[in-house]
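The structure follows.
For clarity, chains are labelled A, B, C and D in written order, and residue numbers in each chain start from 1.
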Amino acid sequence: MEKQFIFEQVKEMWNNSIAFNSLLGFNITEMTEEHAEIKFNWQDKLMGNPVQKILHGGVTASVLDMVGGVVISANMISRIAKPDHKKIADKLSKLSTIDLRTDFLRPGKGETFIATARIIRHGSKVAVARMELHNEKGEHIAFGTGTYMV
Amino acid sequence: MEKQFIFEQVKEMWNNSIAFNSLLGFNITEMTEEHAEIKFNWQDKLMGNPVQKILHGGVTASVLDMVGGVVISANMISRIAKPDHKKIADKLSKLSTIDLRTDFLRPGKGETFIATARIIRHGSKVAVARMELHNEKGEHIAFGTGTYMV
Amino acid sequence: MEKQFIFEQVKEMWNNSIAFNSLLGFNITEMTEEHAEIKFNWQDKLMGNPVQKILHGGVTASVLDMVGGVVISANMISRIAKPDHKKIADKLSKLSTIDLRTDFLRPGKGETFIATARIIRHGSKVAVARMELHNEKGEHIAFGTGTYMV
Amino acid sequence: MEKQFIFEQVKEMWNNSIAFNSLLGFNITEMTEEHAEIKFNWQDKLMGNPVQKILHGGVTASVLDMVGGVVISANMISRIAKPDHKKIADKLSKLSTIDLRTDFLRPGKGETFIATARIIRHGSKVAVARMELHNEKGEHIAFGTGTYMV
(Lines give C-alpha, C1' and ligand atoms only; values in the text may rest on other atoms or scores of the structure.)
Protein backbone atom coordinates (compact mmCIF):
# COMPACT_ATOMS: atom_id res chain seq x y z
CA MET A 1 0.00 0.00 0.00
CA GLU A 2 1.06 3.58 -0.66
CA LYS A 3 1.86 5.50 2.51
CA GLN A 4 -0.33 8.49 1.72
CA PHE A 5 -3.23 6.19 0.83
CA ILE A 6 -2.93 4.51 4.23
CA PHE A 7 -2.90 7.89 5.99
CA GLU A 8 -6.10 8.80 4.14
CA GLN A 9 -7.78 5.61 5.33
CA VAL A 10 -6.74 6.08 8.94
CA LYS A 11 -7.88 9.73 8.80
CA GLU A 12 -11.28 8.67 7.48
CA MET A 13 -11.64 5.97 10.10
CA TRP A 14 -10.73 8.27 12.97
CA ASN A 15 -12.90 11.10 11.70
CA ASN A 16 -15.88 8.78 11.59
CA SER A 17 -15.46 6.35 14.43
CA ILE A 18 -13.89 7.97 17.49
CA ALA A 19 -16.93 8.89 19.54
CA PHE A 20 -15.38 11.72 21.53
CA ASN A 21 -13.96 13.44 18.46
CA SER A 22 -17.35 13.32 16.75
CA LEU A 23 -18.96 14.73 19.88
CA LEU A 24 -16.60 17.70 19.81
CA GLY A 25 -16.62 18.11 16.03
CA PHE A 26 -12.92 17.44 15.48
CA ASN A 27 -11.99 16.87 11.84
CA ILE A 28 -8.50 15.62 10.92
CA THR A 29 -7.51 17.66 7.86
CA GLU A 30 -3.86 16.69 7.47
CA MET A 31 -1.86 13.58 8.38
CA THR A 32 1.77 13.08 7.34
CA GLU A 33 4.86 11.67 9.12
CA GLU A 34 5.98 15.14 10.16
CA HIS A 35 2.84 17.22 10.47
CA ALA A 36 -0.84 16.90 11.36
CA GLU A 37 -3.80 19.28 11.54
CA ILE A 38 -7.29 19.16 13.05
CA LYS A 39 -9.98 21.76 12.49
CA PHE A 40 -13.18 22.29 14.43
CA ASN A 41 -15.87 24.94 14.65
CA TRP A 42 -17.23 26.78 17.64
CA GLN A 43 -20.30 25.16 19.19
CA ASP A 44 -22.03 26.34 22.36
CA LYS A 45 -21.56 22.94 23.97
CA LEU A 46 -17.78 23.59 24.00
CA MET A 47 -18.23 26.56 26.38
CA GLY A 48 -16.16 26.37 29.51
CA ASN A 49 -18.02 28.86 31.63
CA PRO A 50 -21.60 29.98 32.01
CA VAL A 51 -21.20 33.48 30.62
CA GLN A 52 -18.37 33.79 28.13
CA LYS A 53 -18.10 32.25 24.67
CA ILE A 54 -14.71 30.68 25.43
CA LEU A 55 -13.54 27.10 24.85
CA HIS A 56 -13.40 24.84 27.90
CA GLY A 57 -9.77 24.14 28.75
CA GLY A 58 -10.58 20.46 28.36
CA VAL A 59 -11.50 20.97 24.70
CA THR A 60 -8.12 22.57 24.12
CA ALA A 61 -6.29 19.75 25.90
CA SER A 62 -8.36 17.18 23.98
CA VAL A 63 -7.59 18.52 20.53
CA LEU A 64 -3.89 18.95 21.34
CA ASP A 65 -3.68 15.36 22.61
CA MET A 66 -5.48 14.14 19.49
CA VAL A 67 -3.49 16.07 16.89
CA GLY A 68 -0.23 14.98 18.53
CA GLY A 69 -1.44 11.39 18.34
CA VAL A 70 -2.24 11.81 14.63
CA VAL A 71 1.27 12.90 13.60
CA ILE A 72 2.82 10.20 15.74
CA SER A 73 0.53 7.52 14.25
CA ALA A 74 1.52 8.57 10.74
CA ASN A 75 5.16 8.38 11.76
CA MET A 76 4.68 4.90 13.26
CA ILE A 77 2.92 3.68 10.12
CA SER A 78 5.63 5.06 7.84
CA ARG A 79 8.20 2.88 9.61
CA ILE A 80 6.36 -0.41 9.01
CA ALA A 81 8.05 -2.55 6.37
CA LYS A 82 5.46 -3.83 3.87
CA PRO A 83 2.45 -2.47 5.78
CA ASP A 84 -0.85 -4.36 5.69
CA HIS A 85 -4.10 -3.89 7.61
CA LYS A 86 -3.09 -6.23 10.39
CA LYS A 87 0.35 -4.70 10.94
CA ILE A 88 -1.12 -1.21 10.94
CA ALA A 89 -3.88 -2.11 13.40
CA ASP A 90 -1.32 -3.88 15.65
CA LYS A 91 0.98 -0.89 15.63
CA LEU A 92 -1.78 1.66 16.27
CA SER A 93 -3.16 -0.39 19.16
CA LYS A 94 0.14 0.28 20.97
CA LEU A 95 -0.15 4.04 20.79
CA SER A 96 -1.01 5.72 24.05
CA THR A 97 -0.36 9.09 25.64
CA ILE A 98 2.11 8.96 28.54
CA ASP A 99 1.89 12.61 29.49
CA LEU A 100 0.55 15.85 28.07
CA ARG A 101 1.39 19.44 28.97
CA THR A 102 -0.95 22.21 27.89
CA ASP A 103 0.02 25.90 28.09
CA PHE A 104 -2.97 28.21 27.80
CA LEU A 105 -1.88 31.52 26.28
CA ARG A 106 -5.12 33.36 25.50
CA PRO A 107 -8.86 32.82 26.04
CA GLY A 108 -10.17 30.34 23.46
CA LYS A 109 -12.32 32.73 21.39
CA GLY A 110 -13.09 32.16 17.75
CA GLU A 111 -15.34 30.70 15.08
CA THR A 112 -12.94 28.06 13.73
CA PHE A 113 -10.00 26.51 15.52
CA ILE A 114 -6.91 24.94 13.95
CA ALA A 115 -4.72 22.55 15.93
CA THR A 116 -1.37 21.56 14.44
CA ALA A 117 1.32 19.11 15.54
CA ARG A 118 4.86 18.30 14.54
CA ILE A 119 7.02 15.49 15.79
CA ILE A 120 10.13 16.43 17.77
CA ARG A 121 11.35 13.03 18.96
CA HIS A 122 11.05 9.78 17.04
CA GLY A 123 11.91 6.57 18.75
CA SER A 124 11.15 2.90 18.85
CA LYS A 125 9.58 3.17 22.33
CA VAL A 126 8.65 6.78 22.90
CA ALA A 127 7.86 9.74 20.64
CA VAL A 128 7.26 13.39 21.48
CA ALA A 129 5.15 15.95 19.61
CA ARG A 130 4.66 19.69 19.99
CA MET A 131 1.26 21.12 19.29
CA GLU A 132 -0.34 24.54 18.81
CA LEU A 133 -3.91 25.86 18.73
CA HIS A 134 -4.85 28.97 16.75
CA ASN A 135 -8.18 30.52 15.79
CA GLU A 136 -9.28 31.64 12.32
CA LYS A 137 -7.62 35.04 12.85
CA GLY A 138 -4.27 33.41 13.51
CA GLU A 139 -4.37 34.23 17.22
CA HIS A 140 -2.32 31.77 19.22
CA ILE A 141 -4.49 30.19 21.93
CA ALA A 142 -2.42 27.34 23.35
CA PHE A 143 0.75 25.31 23.16
CA GLY A 144 1.10 21.65 24.03
CA THR A 145 3.76 18.98 24.41
CA GLY A 146 2.83 15.31 24.42
CA THR A 147 4.90 12.21 25.15
CA TYR A 148 3.50 9.04 23.59
CA MET A 149 4.24 5.32 23.88
CA VAL A 150 4.65 3.90 20.37
CA MET B 1 -22.94 34.49 53.80
CA GLU B 2 -21.61 31.28 55.26
CA LYS B 3 -18.63 29.88 53.36
CA GLN B 4 -20.05 26.40 52.94
CA PHE B 5 -23.35 27.84 51.74
CA ILE B 6 -21.52 29.81 49.06
CA PHE B 7 -19.64 26.71 47.97
CA GLU B 8 -22.95 24.89 47.59
CA GLN B 9 -24.31 27.64 45.40
CA VAL B 10 -21.25 27.76 43.16
CA LYS B 11 -21.32 23.95 42.89
CA GLU B 12 -24.97 24.02 41.84
CA MET B 13 -24.35 26.75 39.31
CA TRP B 14 -21.39 25.01 37.75
CA ASN B 15 -23.11 21.63 37.69
CA ASN B 16 -26.02 23.12 35.82
CA SER B 17 -24.60 25.80 33.61
CA ILE B 18 -21.20 24.87 32.23
CA ALA B 19 -22.07 23.40 28.85
CA PHE B 20 -19.01 21.23 28.43
CA ASN B 21 -19.34 19.67 31.87
CA SER B 22 -22.98 18.81 31.22
CA LEU B 23 -22.00 17.30 27.88
CA LEU B 24 -19.51 15.01 29.60
CA GLY B 25 -21.67 14.29 32.63
CA PHE B 26 -19.32 15.81 35.22
CA ASN B 27 -20.91 16.28 38.64
CA ILE B 28 -19.10 18.28 41.35
CA THR B 29 -19.66 16.29 44.55
CA GLU B 30 -17.31 18.10 46.94
CA MET B 31 -16.01 21.66 47.15
CA THR B 32 -13.96 22.96 50.09
CA GLU B 33 -10.89 25.22 50.38
CA GLU B 34 -8.56 22.25 50.49
CA HIS B 35 -10.28 19.49 48.56
CA ALA B 36 -12.64 18.97 45.63
CA GLU B 37 -14.23 15.96 43.93
CA ILE B 38 -16.03 15.34 40.64
CA LYS B 39 -17.79 12.11 39.70
CA PHE B 40 -18.96 10.97 36.29
CA ASN B 41 -20.23 7.77 34.74
CA TRP B 42 -19.06 5.89 31.70
CA GLN B 43 -20.89 6.83 28.50
CA ASP B 44 -20.05 5.54 25.03
CA LYS B 45 -19.57 9.06 23.74
CA LEU B 46 -16.50 9.37 26.00
CA MET B 47 -14.69 6.61 24.07
CA GLY B 48 -11.29 7.56 22.78
CA ASN B 49 -10.84 4.86 20.17
CA PRO B 50 -13.06 2.92 17.83
CA VAL B 51 -12.74 -0.49 19.48
CA GLN B 52 -11.97 -0.28 23.19
CA LYS B 53 -14.20 0.98 25.99
CA ILE B 54 -11.55 3.40 27.26
CA LEU B 55 -11.87 7.10 28.13
CA HIS B 56 -10.51 9.57 25.59
CA GLY B 57 -7.38 11.23 27.00
CA GLY B 58 -9.14 14.55 26.54
CA VAL B 59 -11.90 13.52 28.97
CA THR B 60 -9.26 12.76 31.57
CA ALA B 61 -7.48 16.08 31.00
CA SER B 62 -10.84 17.90 31.10
CA VAL B 63 -11.98 16.49 34.42
CA LEU B 64 -8.56 17.05 36.02
CA ASP B 65 -8.51 20.68 34.82
CA MET B 66 -12.05 21.15 36.14
CA VAL B 67 -11.59 19.56 39.56
CA GLY B 68 -8.39 21.56 40.11
CA GLY B 69 -10.31 24.72 39.24
CA VAL B 70 -13.02 23.80 41.76
CA VAL B 71 -10.67 23.52 44.77
CA ILE B 72 -8.87 26.70 43.75
CA SER B 73 -12.17 28.59 43.36
CA ALA B 74 -13.23 27.53 46.84
CA ASN B 75 -9.89 28.69 48.16
CA MET B 76 -10.23 32.06 46.40
CA ILE B 77 -13.74 32.55 47.76
CA SER B 78 -12.68 31.70 51.31
CA ARG B 79 -10.19 34.58 51.21
CA ILE B 80 -12.79 37.25 50.36
CA ALA B 81 -13.60 39.51 53.29
CA LYS B 82 -17.39 39.87 53.63
CA PRO B 83 -18.22 37.99 50.44
CA ASP B 84 -21.27 38.98 48.40
CA HIS B 85 -22.49 37.90 44.97
CA LYS B 86 -20.65 40.65 43.16
CA LYS B 87 -17.32 40.07 44.89
CA ILE B 88 -17.57 36.34 44.29
CA ALA B 89 -18.45 36.74 40.61
CA ASP B 90 -15.59 39.24 40.18
CA LYS B 91 -13.12 36.93 41.81
CA LEU B 92 -14.20 33.85 39.87
CA SER B 93 -14.04 35.73 36.57
CA LYS B 94 -10.29 36.05 37.15
CA LEU B 95 -9.67 32.32 37.44
CA SER B 96 -7.97 30.77 34.44
CA THR B 97 -5.71 27.81 33.86
CA ILE B 98 -2.13 28.78 32.98
CA ASP B 99 -0.85 25.28 32.40
CA LEU B 100 -1.90 21.70 33.00
CA ARG B 101 0.16 18.51 33.05
CA THR B 102 -1.62 15.17 32.78
CA ASP B 103 0.15 11.87 33.49
CA PHE B 104 -1.76 8.89 32.14
CA LEU B 105 -1.01 5.83 34.27
CA ARG B 106 -3.50 3.19 33.12
CA PRO B 107 -6.18 2.83 30.43
CA GLY B 108 -9.32 4.68 31.52
CA LYS B 109 -11.60 1.68 32.09
CA GLY B 110 -14.50 1.75 34.50
CA GLU B 111 -18.16 2.39 35.20
CA THR B 112 -17.76 5.40 37.48
CA PHE B 113 -14.83 7.77 37.67
CA ILE B 114 -13.78 9.92 40.63
CA ALA B 115 -11.52 12.93 40.14
CA THR B 116 -10.06 14.59 43.24
CA ALA B 117 -7.96 17.70 43.78
CA ARG B 118 -6.05 19.28 46.60
CA ILE B 119 -4.33 22.63 46.65
CA ILE B 120 -0.54 22.67 46.98
CA ARG B 121 0.27 26.33 46.48
CA HIS B 122 -1.91 29.25 47.56
CA GLY B 123 -1.03 32.70 46.44
CA SER B 124 -2.46 36.07 45.59
CA LYS B 125 -1.51 35.70 41.91
CA VAL B 126 -1.00 32.03 41.21
CA ALA B 127 -2.22 28.79 42.79
CA VAL B 128 -1.29 25.19 42.06
CA ALA B 129 -3.38 22.04 42.52
CA ARG B 130 -2.62 18.34 42.22
CA MET B 131 -5.30 16.05 40.89
CA GLU B 132 -5.96 12.32 40.59
CA LEU B 133 -8.42 10.17 38.66
CA HIS B 134 -9.55 6.77 39.93
CA ASN B 135 -12.28 4.38 38.84
CA GLU B 136 -14.92 2.74 41.06
CA LYS B 137 -12.51 -0.11 41.92
CA GLY B 138 -9.94 2.36 43.23
CA GLU B 139 -7.62 1.85 40.25
CA HIS B 140 -5.47 4.89 39.70
CA ILE B 141 -5.91 6.10 36.10
CA ALA B 142 -4.19 9.49 35.97
CA PHE B 143 -2.37 12.23 37.82
CA GLY B 144 -2.47 15.92 37.04
CA THR B 145 -0.87 19.18 38.10
CA GLY B 146 -2.47 22.50 37.24
CA THR B 147 -1.21 26.05 37.63
CA TYR B 148 -3.97 28.65 37.78
CA MET B 149 -4.14 32.43 37.67
CA VAL B 150 -6.27 33.62 40.60
CA MET C 1 23.20 -11.43 44.57
CA GLU C 2 20.79 -10.11 47.16
CA LYS C 3 18.67 -7.23 45.89
CA GLN C 4 19.40 -4.91 48.81
CA PHE C 5 23.12 -5.64 48.49
CA ILE C 6 23.00 -4.61 44.83
CA PHE C 7 21.17 -1.41 45.70
CA GLU C 8 23.91 -0.60 48.23
CA GLN C 9 26.58 -1.07 45.60
CA VAL C 10 24.82 1.09 43.03
CA LYS C 11 24.24 3.76 45.69
CA GLU C 12 27.92 3.78 46.60
CA MET C 13 28.98 3.94 42.99
CA TRP C 14 26.65 6.81 42.16
CA ASN C 15 27.52 8.73 45.32
CA ASN C 16 31.20 8.55 44.43
CA SER C 17 31.40 8.68 40.69
CA ILE C 18 28.77 10.96 39.18
CA ALA C 19 30.67 14.22 38.79
CA PHE C 20 27.69 16.56 38.86
CA ASN C 21 26.22 15.01 42.01
CA SER C 22 29.56 15.34 43.81
CA LEU C 23 29.79 18.95 42.69
CA LEU C 24 26.41 19.70 44.24
CA GLY C 25 26.91 17.52 47.31
CA PHE C 26 24.05 15.11 46.63
CA ASN C 27 24.12 11.98 48.81
CA ILE C 28 21.78 9.06 48.05
CA THR C 29 20.55 7.91 51.46
CA GLU C 30 17.83 5.45 50.47
CA MET C 31 17.29 3.22 47.45
CA THR C 32 14.51 0.63 47.23
CA GLU C 33 12.11 -0.47 44.46
CA GLU C 34 9.41 1.86 45.73
CA HIS C 35 11.18 4.74 47.42
CA ALA C 36 14.41 6.75 47.20
CA GLU C 37 15.93 9.65 49.12
CA ILE C 38 18.78 12.10 48.54
CA LYS C 39 20.10 14.54 51.12
CA PHE C 40 22.34 17.56 50.59
CA ASN C 41 23.47 20.53 52.62
CA TRP C 42 23.33 24.20 51.85
CA GLN C 43 26.47 25.56 50.19
CA ASP C 44 26.91 29.11 48.92
CA LYS C 45 27.73 27.84 45.45
CA LEU C 46 24.13 26.59 45.15
CA MET C 47 22.77 30.16 45.38
CA GLY C 48 20.48 31.17 42.57
CA ASN C 49 20.65 34.92 42.92
CA PRO C 50 23.21 37.46 44.00
CA VAL C 51 21.59 38.53 47.25
CA GLN C 52 19.39 35.86 48.80
CA LYS C 53 20.44 32.53 50.31
CA ILE C 54 18.03 30.56 48.13
CA LEU C 55 18.68 27.43 46.03
CA HIS C 56 19.02 27.96 42.28
CA GLY C 57 15.99 26.45 40.55
CA GLY C 58 18.41 24.28 38.61
CA VAL C 59 19.62 22.63 41.82
CA THR C 60 16.04 21.75 42.68
CA ALA C 61 15.36 20.35 39.21
CA SER C 62 18.66 18.41 39.33
CA VAL C 63 18.00 16.69 42.63
CA LEU C 64 14.41 15.83 41.65
CA ASP C 65 15.59 14.33 38.35
CA MET C 66 18.27 12.36 40.20
CA VAL C 67 16.11 11.00 43.01
CA GLY C 68 13.45 9.92 40.50
CA GLY C 69 16.15 8.11 38.55
CA VAL C 70 17.30 6.33 41.71
CA VAL C 71 13.92 4.80 42.56
CA ILE C 72 13.39 3.80 38.94
CA SER C 73 16.84 2.20 38.73
CA ALA C 74 16.13 0.15 41.83
CA ASN C 75 12.85 -0.92 40.31
CA MET C 76 14.53 -1.90 37.02
CA ILE C 77 17.18 -3.91 38.88
CA SER C 78 14.60 -5.74 40.98
CA ARG C 79 13.00 -7.06 37.79
CA ILE C 80 16.17 -8.70 36.46
CA ALA C 81 16.12 -12.48 36.74
CA LYS C 82 19.41 -13.72 38.25
CA PRO C 83 21.12 -10.33 38.23
CA ASP C 84 24.86 -10.10 37.68
CA HIS C 85 27.15 -7.12 37.13
CA LYS C 86 26.85 -7.24 33.36
CA LYS C 87 23.05 -7.46 33.31
CA ILE C 88 22.77 -4.62 35.83
CA ALA C 89 25.18 -2.39 33.92
CA ASP C 90 23.33 -3.14 30.66
CA LYS C 91 19.99 -2.33 32.20
CA LEU C 92 21.14 0.90 33.85
CA SER C 93 22.77 2.11 30.63
CA LYS C 94 19.27 2.22 29.14
CA LEU C 95 17.85 4.57 31.75
CA SER C 96 17.28 8.11 30.55
CA THR C 97 14.92 10.92 31.45
CA ILE C 98 12.30 11.64 28.78
CA ASP C 99 10.72 14.61 30.49
CA LEU C 100 10.70 16.31 33.86
CA ARG C 101 8.21 18.76 35.37
CA THR C 102 9.24 20.80 38.39
CA ASP C 103 6.73 22.79 40.45
CA PHE C 104 8.38 25.36 42.68
CA LEU C 105 6.23 25.94 45.75
CA ARG C 106 8.40 28.02 48.10
CA PRO C 107 11.83 29.69 48.03
CA GLY C 108 14.54 27.05 48.59
CA LYS C 109 15.71 28.16 52.03
CA GLY C 110 17.31 25.78 54.50
CA GLU C 111 20.39 24.14 55.93
CA THR C 112 19.67 20.57 54.80
CA PHE C 113 17.45 19.45 51.95
CA ILE C 114 15.72 16.11 51.55
CA ALA C 115 14.51 14.92 48.15
CA THR C 116 12.25 11.88 48.00
CA ALA C 117 10.79 9.86 45.14
CA ARG C 118 8.22 7.15 44.70
CA ILE C 119 7.34 5.25 41.58
CA ILE C 120 3.85 5.74 40.16
CA ARG C 121 4.06 3.86 36.86
CA HIS C 122 6.11 0.73 36.24
CA GLY C 123 6.51 -0.55 32.74
CA SER C 124 8.80 -2.40 30.42
CA LYS C 125 9.41 0.71 28.29
CA VAL C 126 8.52 3.73 30.39
CA ALA C 127 8.30 4.46 34.10
CA VAL C 128 7.06 7.53 35.96
CA ALA C 129 8.10 8.84 39.38
CA ARG C 130 6.81 11.63 41.60
CA MET C 131 9.29 13.56 43.68
CA GLU C 132 9.27 16.10 46.51
CA LEU C 133 11.82 18.43 48.06
CA HIS C 134 11.64 19.50 51.71
CA ASN C 135 14.04 21.33 54.00
CA GLU C 136 15.12 20.25 57.51
CA LYS C 137 12.05 21.97 59.04
CA GLY C 138 9.74 19.91 56.87
CA GLU C 139 8.80 22.86 54.66
CA HIS C 140 7.73 21.72 51.24
CA ILE C 141 9.86 23.46 48.59
CA ALA C 142 9.07 21.68 45.33
CA PHE C 143 7.20 18.88 43.57
CA GLY C 144 8.36 17.02 40.52
CA THR C 145 7.15 14.44 38.02
CA GLY C 146 9.58 12.58 35.81
CA THR C 147 9.01 10.22 32.89
CA TYR C 148 11.92 7.85 32.24
CA MET C 149 12.87 5.42 29.49
CA VAL C 150 13.75 2.09 31.10
CA MET D 1 18.57 54.94 30.98
CA GLU D 2 18.61 53.28 27.56
CA LYS D 3 16.93 49.88 27.57
CA GLN D 4 19.78 48.05 25.88
CA PHE D 5 22.27 49.64 28.29
CA ILE D 6 20.25 48.33 31.24
CA PHE D 7 20.15 44.85 29.72
CA GLU D 8 23.95 44.95 29.39
CA GLN D 9 24.31 45.84 33.04
CA VAL D 10 21.96 43.11 34.24
CA LYS D 11 23.76 40.61 31.99
CA GLU D 12 27.12 41.58 33.45
CA MET D 13 25.82 41.38 36.99
CA TRP D 14 24.23 37.96 36.50
CA ASN D 15 27.25 36.59 34.65
CA ASN D 16 29.49 37.60 37.53
CA SER D 17 27.45 37.22 40.65
CA ILE D 18 25.10 34.24 40.49
CA ALA D 19 27.12 31.53 42.19
CA PHE D 20 25.47 28.55 40.56
CA ASN D 21 25.82 29.94 37.04
CA SER D 22 29.53 30.59 37.63
CA LEU D 23 29.93 27.07 38.96
CA LEU D 24 28.44 25.64 35.76
CA GLY D 25 30.13 28.12 33.43
CA PHE D 26 26.94 29.70 32.08
CA ASN D 27 27.53 32.91 30.12
CA ILE D 28 24.57 35.09 29.09
CA THR D 29 25.38 36.17 25.54
CA GLU D 30 22.11 37.82 24.51
CA MET D 31 19.34 39.58 26.42
CA THR D 32 16.47 41.39 24.72
CA GLU D 33 12.71 41.65 25.41
CA GLU D 34 11.96 38.83 22.99
CA HIS D 35 15.03 36.62 22.94
CA ALA D 36 17.85 35.45 25.20
CA GLU D 37 20.88 33.17 24.80
CA ILE D 38 23.31 31.47 27.17
CA LYS D 39 26.46 29.64 26.08
CA PHE D 40 28.59 27.24 28.08
CA ASN D 41 31.39 24.82 27.40
CA TRP D 42 31.73 21.18 28.24
CA GLN D 43 33.48 20.49 31.53
CA ASP D 44 33.93 17.05 33.11
CA LYS D 45 32.17 18.20 36.27
CA LEU D 46 28.92 18.50 34.25
CA MET D 47 28.90 14.73 33.56
CA GLY D 48 25.74 12.97 34.52
CA ASN D 49 26.99 9.42 34.65
CA PRO D 50 30.22 7.69 35.51
CA VAL D 51 31.16 6.52 32.03
CA GLN D 52 29.74 8.68 29.27
CA LYS D 53 30.64 12.27 28.41
CA ILE D 54 27.00 13.42 28.57
CA LEU D 55 25.47 16.41 30.36
CA HIS D 56 23.63 15.69 33.61
CA GLY D 57 19.92 16.26 33.07
CA GLY D 58 20.10 18.78 35.88
CA VAL D 59 22.53 20.94 33.90
CA THR D 60 20.08 20.98 31.01
CA ALA D 61 17.16 21.90 33.28
CA SER D 62 19.29 24.58 34.97
CA VAL D 63 20.32 26.36 31.81
CA LEU D 64 16.79 26.22 30.38
CA ASP D 65 15.36 27.69 33.59
CA MET D 66 18.02 30.41 33.55
CA VAL D 67 17.71 31.42 29.90
CA GLY D 68 13.92 31.60 30.23
CA GLY D 69 14.37 33.86 33.25
CA VAL D 70 16.71 36.12 31.26
CA VAL D 71 14.25 36.84 28.46
CA ILE D 72 11.45 37.37 30.93
CA SER D 73 13.56 39.75 33.03
CA ALA D 74 14.37 41.81 29.96
CA ASN D 75 10.69 41.91 29.13
CA MET D 76 9.80 43.00 32.67
CA ILE D 77 12.42 45.75 32.60
CA SER D 78 11.26 47.05 29.22
CA ARG D 79 7.82 47.69 30.71
CA ILE D 80 9.05 49.92 33.55
CA ALA D 81 8.26 53.58 32.98
CA LYS D 82 11.38 55.70 33.63
CA PRO D 83 13.50 52.83 34.94
CA ASP D 84 16.10 53.48 37.63
CA HIS D 85 18.25 51.11 39.68
CA LYS D 86 15.73 50.84 42.49
CA LYS D 87 12.74 50.13 40.24
CA ILE D 88 14.72 47.54 38.29
CA ALA D 89 15.96 45.79 41.43
CA ASP D 90 12.42 45.82 42.88
CA LYS D 91 10.98 44.35 39.71
CA LEU D 92 13.63 41.64 39.36
CA SER D 93 13.24 40.61 43.00
CA LYS D 94 9.68 39.53 42.12
CA LEU D 95 10.75 37.13 39.38
CA SER D 96 10.47 33.47 40.30
CA THR D 97 9.90 30.25 38.42
CA ILE D 98 6.48 28.71 39.06
CA ASP D 99 7.00 25.57 37.01
CA LEU D 100 9.42 24.21 34.43
CA ARG D 101 9.00 21.38 31.96
CA THR D 102 12.08 19.90 30.31
CA ASP D 103 11.87 17.52 27.33
CA PHE D 104 15.10 15.62 26.74
CA LEU D 105 15.42 14.80 23.05
CA ARG D 106 19.01 13.52 22.64
CA PRO D 107 21.99 12.73 24.88
CA GLY D 108 23.75 15.98 25.84
CA LYS D 109 26.96 15.50 23.89
CA GLY D 110 29.09 18.39 22.64
CA GLU D 111 31.89 20.85 23.21
CA THR D 112 29.80 24.02 23.39
CA PHE D 113 26.13 24.32 24.27
CA ILE D 114 23.75 27.09 23.26
CA ALA D 115 20.50 27.65 25.17
CA THR D 116 17.94 30.05 23.69
CA ALA D 117 14.62 31.39 24.94
CA ARG D 118 11.74 33.34 23.52
CA ILE D 119 8.74 34.68 25.35
CA ILE D 120 5.34 33.25 24.45
CA ARG D 121 3.08 34.84 27.05
CA HIS D 122 3.51 38.32 28.50
CA GLY D 123 1.41 39.37 31.41
CA SER D 124 1.31 41.53 34.48
CA LYS D 125 1.31 38.50 36.81
CA VAL D 126 2.60 35.53 34.86
CA ALA D 127 4.83 35.09 31.82
CA VAL D 128 5.73 31.96 29.86
CA ALA D 129 8.89 31.24 27.86
CA ARG D 130 9.91 28.40 25.55
CA MET D 131 13.51 27.32 25.53
CA GLU D 132 15.81 25.10 23.45
CA LEU D 133 19.25 23.60 23.93
CA HIS D 134 21.55 22.82 20.99
CA ASN D 135 25.21 21.85 20.73
CA GLU D 136 27.86 23.44 18.49
CA LYS D 137 26.84 21.15 15.60
CA GLY D 138 23.27 22.39 15.77
CA GLU D 139 21.96 19.13 17.20
CA HIS D 140 18.81 19.69 19.22
CA ILE D 141 19.29 18.32 22.75
CA ALA D 142 16.31 19.58 24.73
CA PHE D 143 13.16 21.67 24.80
CA GLY D 144 11.76 23.50 27.79
CA THR D 145 8.71 25.48 28.84
CA GLY D 146 8.81 27.69 31.91
CA THR D 147 6.06 29.60 33.69
CA TYR D 148 7.32 32.54 35.74
CA MET D 149 5.81 34.91 38.29
CA VAL D 150 6.64 38.48 37.26
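In this section, a contact is a pair of C-beta atoms (placed from the backbone, for glycine too) under 8 Å apart; a residue touches a chain by one contact, two chains touch by 3 or more.
What you are looking at is a predicted structure, and each value in this text was computed from that prediction instead of being measured.
Participant: Please state whether the interface between chain B and chain C is built from the same residues or different ones, using more than half shared residue numbers as the mark of same.
Facilitator: same
Participant: Calculate how many whole Å lie between the centre of chain B and the centre of chain D, each centre taken as the average of the chain's C-alpha atoms.
Facilitator: Between these chains, centre-to-centre, one finds 34 Å.
Participant: Quick check on chain A: which residues sit in contact with 2+ other chains?
Facilitator: 98-99, 101, 103, 128, 145, 147
Participant: When you draw the chains as points and link the ones that touch, which shape shows up: line, ring, star, complete, or other?
Facilitator: Chain contacts: complete, every pair touches.
Participant: Enumerate the contact residues on chain A facing chain B in the complex.
Facilitator: 13-14, 17-21, 23-24, 44-50, 56-59, 61-63, 65-66, 96-104, 107
Participant: Flag every residue of chain A that touches chain D in the complex, lowest number first.
Facilitator: These residues of chain A touch chain D: 101, 103, 105, 120-121, 128, 130, 140, 143, 145, 147.
Participant: Across the complex, what residues on chain B touch chain D?
Facilitator: Residues in contact with chain D: 98-99, 101, 125-126, 128, 145, 147, 149.
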